[in-house]
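Chains here go by letter, A, B and C, matching the order in which they are written, and residues are numbered from 1 within each.
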Amino acid sequence: MEQLIQQLINGVSLGSIYALIALGYTMVYGIINLINFAHGEIYMMGAYIGFALTTFLGLGFAPSLILSMIGCSILGMVIEKVAYKPIRNSSRISALITAISVSLFLQYTMMYFVSPQTRTFPEVLKRKSISLLNGKIIIDQKNIYIVAITVLLMLLLQYVVKKTKLGKAMRAVAQDKEAAELMGVDVNKIISFTFAIGSALAGAAGVLVGIYYNTINPLMGATPGLKAFVAAVFGGIGIIPGAVLGGFSLGMIETVVSAYGGSVFKDAVAFAILILILLIKPNGLLGKTVKEKV
Amino acid sequence: MKKNIIIIISLLIAYLSGQYLINTGIIDSYLQLNIFLIGINIILAVSLNLITGFTGQFSLGHAAFMSIGAYTSAILTAKMGLPFIVALIASGIVSAIAGVLIGIPTLRLKGDYLAIATLGFGEIVRILALNTDYIGGAIGFNDIPQYTNWTYVFIMTVVTVLVIRYFLNSFHGRACIAIREDEIAAEAMGVNLTLYKVFAFAIGAFFAGIAGSLYANYFYFIKPDSFGFMKSVDIVVTVVFGGMGSILGSIVGAIALSVISLFLQNIPELRMVIYSIILFLVMVYRPTGLVGKKDKEGKYFKGLRKEDFQHVSAKGN
Amino acid sequence: MSVLKVTNLTKNFGGIKAVTDVNLNIEMGEIIGLIGPNGAGKTTLFNLLTGIYVPTSGQIEYNLNTKVKTKDLKPHKMVHYGVSRTFQNIRLFKDMSVLDNVLLGFHSLLFKRSISRKDSFDEAYELLKKFNLLNKKDELAKNLPYGDQRRLEIARALASKPMILLLDEPAAGMNPKETKELKDLIFWIRNEYHLTIILIEHDMSLVMNICERIFVFDYGNLVASGTPKEIQNNKRVITAYLGEEAV
C-alpha cells in the first residue's frame, strides 16, 4: 500500500511533465490541426537553455525557469513562422512530414553543437525530503516544486484562455479561422501567440525534468514528446483540461506499471492505452462526438 | 501484348546484366549492399503507397510489418533451418495476418488518428521485440544465414511492383482509390470500406514482411531498433518524396533517397541535419513529390482532407 | 406494387428531432418529389433510406428483388439491393477520371460477378454516350463544369442498375437551360430503365413538372402529400414556405 502511494506521488511529478508538454500539443492541434512533432524538441531545448543558464551563468532556479520559458516561446514562434506557415494549406501528410523534419533538424543540430553525450543538470534545488508514515513514504522537495509550478502555470493558462481578449481570440481561431478573420482577429498573430505559450510550457517542463532526473541529452524529447501526445489524445485533443487529465493519468499509470514489475513495458502500456482510447472513445475522455455531414 | 513482351525482355536484360556485373566483381560488395537496400526500399515504399497513397490510409507503422517479417524469417532460417523460400513466403503471410489483426480495429480511424494509432502499434511491436529473449531482445538476433542474393531481391522487387500494379488496375484497386477520394460516395456505390481498407493493409503488410525477410537474411543481424518509428517515417518520406499515389514515384523516391543518403554518409555528423532540410524543402516547394501530379490547389493527395478529421463514423448514434 | 414502405420513421440527433413519425408508401415506377424548407429533414430521410443513419424508431421496408428490412440497411449494401443515390453536395471521386467514376458504379455487380470486366467497360461507354460525357471520359471529375458533374453523378448511380434512384437536389446550382435538360433526362431515365425515382428539389418548376406525387416536409414532419396540383393549393404547404402572414 505504501509502495503504491509512493509510486503515485512519483507519478504525479512525471504526470506534471507530461501535462505541461501535452498542453502545447493540444493547443497547437486545436488551432491549426497539426501534430507538432517538434514539440518534444522544444522541451529538450528548454532543458538545455536551463542547463546553460544554471551551469555557465550560475543563475538560480526561478530566473533559469523564466528565461528558458521565454527562450522556448521565441523558438516556438520562429519555428511556426519559418516552417509551418508556408505549409499551412498543404495536405495533412506534408504538414506532418514537415513537423517531423523540424523535429529531426532540432535533434541533430543540437547533437552537432552540444554533442550527443548526456549532461548532468546541476542541483539547483537542495535535496530535502519529507517523510510520511514513519518514513515509509518520502516526498522530495523537488516533487512539490514540480507539481506546484505545474499547477500554477495551468491556472495562469486557464486565466489567459478564459478571461483575456487574447484567449478569446484563440478560441475563436480554433473554432473557425475564416470567421475569426472576418471578425477582425489577426489570425497570424494568434497562431504565433499559441505557439509561444505552448512552447513556454514545454520549456518549463524541460527545466523541471532536468531538475527532477538530473540528466539531459539531445534526444530526450522524442519519447516524452510522443507520450505527451498520447496524453493529449487521452484527454481529448484540442481540449486544455483534457491534456492535464491525460498527462497526470499517463504519469501515474506509468509509474504504477513500472513499480509492479512492468518497467520494460511501460512505454508499450502507454501506447496500448492510446490505441484503446482511440478505439473506444476517439475524441478522448473529455471530447465530444463530431459528425460528418452527408 | 507487345508492351508486355518489351517489359519482360528489359527486365530479363536488367536481371542478367546485374548478375553479370556482380559475378565479375564490377559491382563490389559495397555497391551491391546499396543496390539491395534500394530494392528493399522500393518494396517498402510501393507497399506503403498502396495503403497510404492509393487507399488514403495514413500509416506510421509500416516498419513494424517489416520487423515482423524480418524476425519471422530469422526464426525460420536460423532457428529452424528451413529453406529461405519458405521463410520468405511465411514472413509475408505472418505480416499480412498481423496487418489484418491490426487493421480491423484501427482502420475505423481516420487521418492523424490512424497515423497515431499505427505509430503506437509500431512502438508496441518494437518494445515487445526488445523484451523477448527468444529473439535476442535488445541485443539483437545474430547469425542469420545470408540467403538474400541478387536473384531474390530482383524478383521480389519486380513481383511487388507487378502485383500491386495489377491489383490497382482491377476493380478492387479502383474501389481502394475511390475510398481515398470519398468514403461516403464509395460506400454508396457498394464498396465495403472495412473489407477494402483491411485488404489493402494486408497486401501492404505482406510485402513489407517480404522486405523484412530479405533484409534479415542479408545482414546476418537484426535488432528491434532498426524497425522503429524512424524507419516508418523513412518509408513515409520515400512515398511522399516520390509522389503519393504513383508507383513510379515510389521507385524513383526510393532510388533518389538512397543515393542522397549514400552521399551524406561522408559527413555523418551533419547527415541528419541535411536530410531534415531536404525533407522540409521538398514539403514546401514540391509537396506532390518528384513524380506526383501537380494540382492547382497544391493538394494532390486527397486522402487526408480537413473533413476527414471529423473522424467519427457518420453512422447514427 | 409498393416498392418502399416507411412506417412511423423517427430520427433524433440528441435532442433535435430531424425526422418525426413519417409514413410513406411509394409505388413502382413513380417519380416522387420531396420538398420543404432547408432543415426540414429531407436529406436525413435519404440518409435513413440508404442506411447511413440508423432510425431512432420506425420501419423502412423495400420490396425489390428481395424484401429488405430496416436492420438490413447498410450503406455499402444499398446498391446491391437496388437502391442508388446522388448527394446534395456532389460527391464524385474528384481525382479519378470520368470513366473511372462510372466504372465504380459497376462495383457491386463486378463484385457479385454478375457482369464481366469487359461488359462493364462497354456499358460505361454506353452510359457516358447517353449522358453526353463520352468525349470527356479521360478528364478528371473535378475538372468538369458543374452541370456535367451533376450528370456524371447520376450516370454513376445508374451504372449499378438500380430499381430505385434517389436524387438529392439534382438541379441545385444549374441554370434554367440546364434544369430543363435535366428534366428531360430524368423522364428519359425513368422510361428507359423503368425506375422509381425519388428526388429532393427546391426548384418548384422542376418538381411540379415531373413529379407524379409530392411529399412536403417541415420541421421533420410530413405535412402534406398529393399530386402537384393538390400541393399547390394546400394551405399548410403555403404556410411552411411563406410563413403565417401569407395565408
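Details
One rule holds in what follows: a residue touches a chain if its C-beta (ideal position, glycine included) is under 8 Å from a C-beta of that chain, and two chains touch if they have at least 3 such contacts.
Fair warning: this is a prediction, and the values are worked out from it, not measured in the lab.
The busiest chain interface, judged by C-beta pairs in contact, is A-B. Using CA-based centroids throughout, the chain positioned farthest away from chain C is A. Chain A and chain B have Cα centroids lying 32 Å from one another.
Chain B and chain C have centres, each the mean of its CA atoms, that are 41 Å apart. Inter-chain spacing, taken between the CA centroids of chain A and chain C, is 50 Å. Under the contact definition stated at the top, the residues of chain A that touch 2 or more other chains are 291, 294. Shared interface positions of chain B, i.e. residues touching 2 or more other chains, are given as 184, 300, 302, 314, 317.
Residue positions of chain C touching 2 or more other chains, listed in rising order: 13, 52, 87. Against chain A, in their complex, chain B makes its touches with residues 52, 58, 105-106, 108-109, 111-113, 115-117, 119-121, 123-124, 127-128, 130-131, 184, 229, 233, 236-237, 240, 244, 269-273, 275-277, 279-280, 283-284, 287, 297-314, 317. Across the interface of their complex, chain B is touched by residues 33, 35, 83, 86-87, 89-98, 100-102, 104-105, 107-109, 111-112, 226, 229-230, 233, 264-265, 267-268, 271-272, 274-275, 278-279, 282-283, 289-292, 294 of chain A.
The residues of chain C lying in touch with chain B in their complex are 11, 13, 50, 52-56, 75-80, 84-85, 87, 91-96, 100, 103-108, 110-111, 117, 120, 156, 160. Chain B meets chain C in the complex at residues 171, 174-175, 177-178, 181-182, 184-193, 245, 300, 302, 314-317.
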